[in-house]
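Listed below are the structures to be examined.
Look for chain A in each of the two complexes below; its partner is chain B in the first and chain C in the second.
On to the complex of A and B.
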């Protein structure tokens, strides 16, 4: 299968490393031989229809700052949209940074990939919270696969579990701890009885929280994921503007102590139901499967036949996320039988 | 279900232990026993009230027939209003926004009662946290209480942290 990678930041490089590490494994196990024929970043692109060297791509982008300096096959200023349109390939990986307001540039990339008949795998929440239904319908109409497992839960196969393995169930609600950063902060606040600001600073120093932590601590990232789960699993047509998230800035150590005394812990929870989306801190009984610690994510499905199922794992990180990206690729390979 | 059984026992040693035996033997979880020796009946029997929790009707029936077979005189049986407990936290200027008014407004709903309130004061001028346990007679009333509390919290600019059970 010929792949195009759009975006070569942490996630793109993580995928490249996973393709190197697991290349033989997926060739032997799934008779799938992925070949990266083009990679584009914000400065340009590298294109070779016979397949680029993943090692060289990593080296060039880390040393020189862009894949455009790839020897012989690099081209500075080549745009992502041109690459998607012009290069003959089977699958486009859309791995650019998330913009939750416009969905761009990911939205245009995905549309271009679909209209040019290529399957799409993305980790980008922006397009999914702005135009999920539109993209899903476009892909169905054009007969291409559209996969976004990596957008929610990182390595935790939340979407695949619900869409495929629980296919016989009517799912009533999805509740989850969907953001590792806030879960880490709440966990540290609980263990150390430390105030929010202090723990946030510690998390920023450790690289767990970003310099501008707004998206995480104000519940916006959790809201994005809740919207994606509602759209992908409950079949609704929701946008980010349908949620009014409440974050964790106002949580104080005393609140956590009072919760603890009554047998609860405080978690930032996203709840998706057909008629409502909620994001905010909730009291979770200690011992409940959603009472997970540190940077863990966890999602509980409530449904008719299987009743309740919870899945837990590591949400963040390029290596963890590459697990979801590779699974989507292998799944497309199986579905289309190429 | 939580049941309350009133009975009369003969005033001879060992009667109370004998009467309690079938309750635990058939899976009842005894919560409270009141043995009122100073309120003997005209026939010289001692009134005893036992409150216990039992999870199935069938077990309850077994307990009752065992008691009757033993000759225990059961005078009254009743299921106690089970009562749903909802725990919530509130963060904000709890005192300055009149916590008493918050409680009164909740208590004014039929079948709703604020059972417990714990307060952790913040430093001067800072926000405080309150934990409240509200008991309601059934789920509809629990929903009504929480929706009123949500309204109050938004009026008083308090952060309301509901429990996960309330998000089903």
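On to the complex of A and C.
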């Protein structure tokens, strides 16, 4: 299968490393031989229809700052849209940074990939909170696969679990601890009885929280993921503007202590139902599978037949995310038999 | 899709009820119209190629003790093997009781279904711990689907999660709380500091433990499920005789208390690795996703890319199991496009 990678930051490079590490495994187990025929970043692209060297892509990108400097096959200034349109390939991986307002540049990349008849795998939440239903319908109409497992839960296959493995159930609600940074902060606040500001600073120093922590601590990242889960699993047509998230800045150690004495822990939870989306701090009983610690993510589905199922794992990190990207690729390979 | 149900006890009747309840849902969502053309139990069978009434099957079975008394289409003494061989159908549900020594009668039913070109969905652990690889190879050779999600975890799609959604990963180990009865007993022993015998008797009175609790409390049921997980997910060829299970009879409340003081809980765990299968009581850190309470089941996969993922839910009960049976049916429908 011929792949195009759009975006070669942490996630793109993580995928390249996973393809190097798991190449033989995938070939032997699934008779799938992925060949990366083009990679584009913000400075340009590298294109070779016979397949680029993943090792060389990583080296050039890390040493010279762009895949455009790939020897012989690099091309400065070549745009991602041109690459998607012009290069013959089976699957486009859209791995550029998330923009939750416009969805760009990912939105245009995905549309171009679909209209040029290529399957799409993305980790990019932007296009999914801006135009989920439009993209899903476009892909169905054009007869290509559109996969986005990596956009929610990192390595935790939340969407596939609901879509594929709980197929006989009517899902009433989805509740999730969807943001590892805030879960880490709340866990530290609980274990050390420390105030939010102190723990946030510590998390920033450790690289767990960003310098501008707004997207995480104000619940916006959780809101994005809640919107995606609702669209993908409950079949609704929601956008980020349909949620009014409440974050964790106002939570005091005393509140956490009182909750704990009553047998609860406080988590930042996204709740998706067919007719409502909510994001905010919620009490979760200690011992409930959703009461996970540290940077873990967890999602609970409430259903008619299976009642309640929870899945837990590591949401973040390029290596963890490559697990979801590779699984989407293998699943496309199985579905289309290429 | 034309279905044959072999076995019409709790699980078979549970599936019939789920098909009644979810018939419209499945038709609308998956364009799948299941029609039960034959049902067999130990006294006989009911056969109608135009489709039997599920309501009538339930009524006849509950009031008269066998589907053989289904008006006009019932037939006393008709054997399951005859039904599987003679009736034209797409899928056979093998739902007879588990026999872990011979695998019978399920083993013969499944072989007959495969050789007569029918897909198989089963909840029966017997054939899977006696002849997993043989059956899997037979099905592949004959070009039919062989599904057994319901045999481990009840409603919790443990096998599908590993086979389908973690496909890019090399799975190193599978650890599971796989038996709800023992987990209930250990939970009560921990919460009430009560001895094993007392809690077992209470569980028997509540119907959570069987009168003869050997299969559960001596770890044999957990061993069966561990064998199935190893075969289905790690690709090995193991049988029940490859495990020497240790049960929970010897666990004293003092041991549980000491574990708890050190931050652990004691669970009956099945561990499957490529080169070893173990079943016995193990310490699990409190707060780990595997440390689930009551009758919950939980399975943790340890992998290269996604590191660690845990799935949790209700393992037992005919309604929960019908969730797995229906999901297998829908997945076969998707795979073969019938």
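Everything that follows uses one rule, which is that the second predicted complex is superposed on the first by the 338 of 338 C-alpha atoms of A that agree within 3 Å, B and C clash if a C-alpha of one lies under 4 Å from a C-alpha of the other, contacts with A are read in each partner's own complex, and residues count from 1 in each chain.
To be clear about the criterion, a residue touches a chain if its C-beta (ideal position, glycine included) is under 8 Å from a C-beta of that chain, and two chains touch if they have at least 3 such contacts.
What you see is a predicted model, and the numbers here were worked out from it, not measured in a lab.
Shared-chain residue A:81: touches no atom of chain B or chain C. Touch criterion not met for A:58: it reaches neither chain B nor chain C. In the overlay built on the shared chain, the residue A:246 is in contact with chain B alone; chain C does not reach it. In the superposed pair of complexes, A:305 makes contact with chain C only, with no contact to chain B.
Of the two partner chains, neither chain B nor chain C is touched by A:20.
In the superposition on chain A, contact of A:284 is made with chain B only, not with chain C. Applying the stated contact rule after C-alpha superposition, one finds that A:266 touches chain B and leaves chain C untouched. Within the superposed three-chain model, A:336 lies out of touch with both chain B and chain C [touch as defined at top].
Comparing chain B with chain C, more residues of chain A are touched by C. Of all residues in chain B, those touching chain A in their complex are 87-89, 91-92, 118, 120, 122, 127-131, 133, 159, 161-165, 167-168. Listed in rising order, the residues of chain A touching chain B in the complex are 173, 175, 246, 250-252, 254-255, 257-259, 261-262, 264, 266-267, 269, 271, 278, 280-285, 288, 290, 302.
Within the complex formed with chain A, the residues of chain C that make contact are 18, 21-22, 25-26, 30, 149, 155-157, 160-161, 164-170, 287, 289, 292-293, 296, 298, 303-314, 319-320, 322-327, 329-331.
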